[in-house]
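One structure coming up, written as structure tokens, with questions to follow.
Order of writing sets the chain letters: A, B, C and D. Residues in each chain are counted from 1.
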Amino acid sequence: MTDTADYPADDFYRDTTQATGWLTDEDLAVIRAQLPLVYVDAIPVRVDESGDVVAVGLLLRVNGQGVITRAVVSGRVMYHERIRDALLRHIEKDLGPVALPQVPPSPQPFTVAEYFPTPGITAYHDPRQHAVSLAYVVPVTGDCRPQQNALDLAWLTPEEACSDAVQAEMANGQGTLVKQAMAHVGRLI
Amino acid sequence: MTDTADYPADDFYRDTTQATGWLTDEDLAVIRAQLPLVYVDAIPVRVDESGDVVAVGLLLRVNGQGVITRAVVSGRVMYHERIRDALLRHIEKDLGPVALPQVPPSPQPFTVAEYFPTPGITAYHDPRQHAVSLAYVVPVTGDCRPQQNALDLAWLTPEEACSDAVQAEMANGQGTLVKQAMAHVGRLI
Amino acid sequence: MTDTADYPADDFYRDTTQATGWLTDEDLAVIRAQLPLVYVDAIPVRVDESGDVVAVGLLLRVNGQGVITRAVVSGRVMYHERIRDALLRHIEKDLGPVALPQVPPSPQPFTVAEYFPTPGITAYHDPRQHAVSLAYVVPVTGDCRPQQNALDLAWLTPEEACSDAVQAEMANGQGTLVKQAMAHVGRLI
Amino acid sequence: MTDTADYPADDFYRDTTQATGWLTDEDLAVIRAQLPLVYVDAIPVRVDESGDVVAVGLLLRVNGQGVITRAVVSGRVMYHERIRDALLRHIEKDLGPVALPQVPPSPQPFTVAEYFPTPGITAYHDPRQHAVSLAYVVPVTGDCRPQQNALDLAWLTPEEACSDAVQAEMANGQGTLVKQAMAHVGRLI
């Protein structure tokens, strides 16, 4: 589907048809233009034995124009799904089944990223829809194997993840989101 | 509309028809059964000069069975609306135009209340829908005049708001939400 | 030392003499009457695979009057010690060396407990001193063996930990702190 | 006192002698080398009617070398003083008596800045002492008049406050702290 190829895969269509069967793409296109959708963003990190963040995991993809982009784990919360289950599902979808994520005990996100279809209202932008995304830092301790449409998962230091070069490879405000996550864990430079 | 009379007014139908015109109640009933909706919950408080919470504002309503219920400010986030604008809109709707709310500078909520149509999955329940609600404590400094279907706005001490008697008058887990808010501001007993 | 026997062990004296050698008990008694001390409180929890809290670990002790008391992990931050290292040190001290705690990646505590020598200023009280304590929920995944002066570590459900019976066994406002922690993780009843 | 001239005024000596009378500078020098001190950092901000941060207030000072420096409001928490009272006292001390600060209702800071006498352990550094500082974003609505040793209070946009030029004028990691505050309020670029 060409028009979604440029954005971080969020399996909107796949989720919905799996979950509901009869809800058509046309129905969903209508909904997307009427209501904000609930999303989760997960910033995968490696921590040392004292819990200090030492690396950030970013997914590497090639977009529709053949350009390399980096992204965090992101996706929709489905009907009747808990936030923490959505986090687990999207982390498993993107990092594989043995990433061993430690979903935080508290539902309090470090921030709420409001992705608007109109650029400039917030730092986040999604041309497809209005998404309200609850953002969490999630330590992963297992073996991460990028799945689906990701070429690779690169572990960067907090400094590298906040560098201009890496920030330029992130779209839709996810670079800002990574910097916010590093600010939250005390690793912003 | 009998089936909504028991729940805190969240103007779902009114909002949508105002905003979109052509989206029918039938469309919305379909959406409500397919997707989680984005909500905000605001706990109105009075603070002293040092910012310490001295009172909690609860709306008093009579439900469809003629029973008195208490509720916090709650409502849907509309398409293309920022969280903070939704907070302002619902506070004005419920507390009137001169409540002078101080919406927090940070989008980080104190908790996320996941209202499920099935009771028992979380502490929150909404038989009409699956709502994911970002919850904020909002100091108000002006004159509050309950609007619409509320009989009154009562200012209770944190202790009173957490008491068994008052908790019993709150439905759908909002009593728990008030206790969580008081825990967050350091005023839980 | 009789006068500390009633309070959760916080190894004030032991810490200081180990760290500094020459600082006498008299010096410390002077400091304690002059300055607030930096503390950490850790609420040890067991989480399920989705990160949801299923149990709270409380230390069981007998106080100077022969009464059973329950407490969370608590202790002083030493000179030149990071908050996360103080958390690790006190958790190891109280739960043993193989508790495998997951110290949160962010330094943002869920609350700050201000223990005053005068009761009633806040919910927390410490007759010995003014302590400002940063409080964290810390999942532990390993084998916990109470050390030092604790008789046992009991794992309670969130409901049990917030019950009147258990709350009555906690001193100095730590019962309130446990309820605040459960509110923060969405498990307050 | 030459050795404090380079650092944001935190009135350590003045506070203590006022509060305790008999505690000498020598005593304090000893304490400072033995224990971490409790501090608060306040980032003064202007917000618009929806609570969105539009400006950050930074104090302008000339340090011992005649160099212009910028700083946030910062200072020690005194014995038997609540965090929120320390915030009010230091804001009044630095911004004057009619700044009308809105101290947040919750004691949860947006971060904890650990200032170590040894550089490089955290992003924060204080050659005089080990300070553990609870950091808050504080909207001020009144008229701010820099007091004491500050030349001016400059209101900068979030973008300006995070710019390299302004960051270079902030010492001891306070530039990082301002960026963390802007990340917390969703205004980091």
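Convention: a residue touches a chain if its C-beta (ideal position, glycine included) is under 8 Å from a C-beta of that chain, and two chains touch if they have at least 3 such contacts.
Since this is a predicted model, take the numbers as computed values, not measurements.
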Working from the CA atoms, figure out how many degrees chain A turns to land on chain D, in steps of 5. 180
Distance between the CA centroids of chain B and chain C (whole Å) is 34
Centroid from C-alpha atoms only, then distance chain A to chain B, rounded to Å. What do you get? 28
Find every residue in chain C that makes contact with two or more other chains and list them. 82, 106-108, 110-111, 122, 184, 186
Thinking of each chain as a vertex joined to the chains it touches, would you call that graph a line, ring, star, complete, or other? complete
Mind pulling up the chain B residues that touch chain C in the complex? 111, 122-123, 176, 179-180, 183-184, 186, 188-189
So, in the complex, the side of chain D touching chain B is made of residues 45, 47, 49-53, 82, 84-85, 88, 102-108, 110, 137, 139, 184-186
Can you list the residues on chain C that touch chain D in the complex? 16, 20, 23, 27, 30-31, 33-38, 77-83, 106-112, 114, 116-118, 121-122, 130, 132, 134
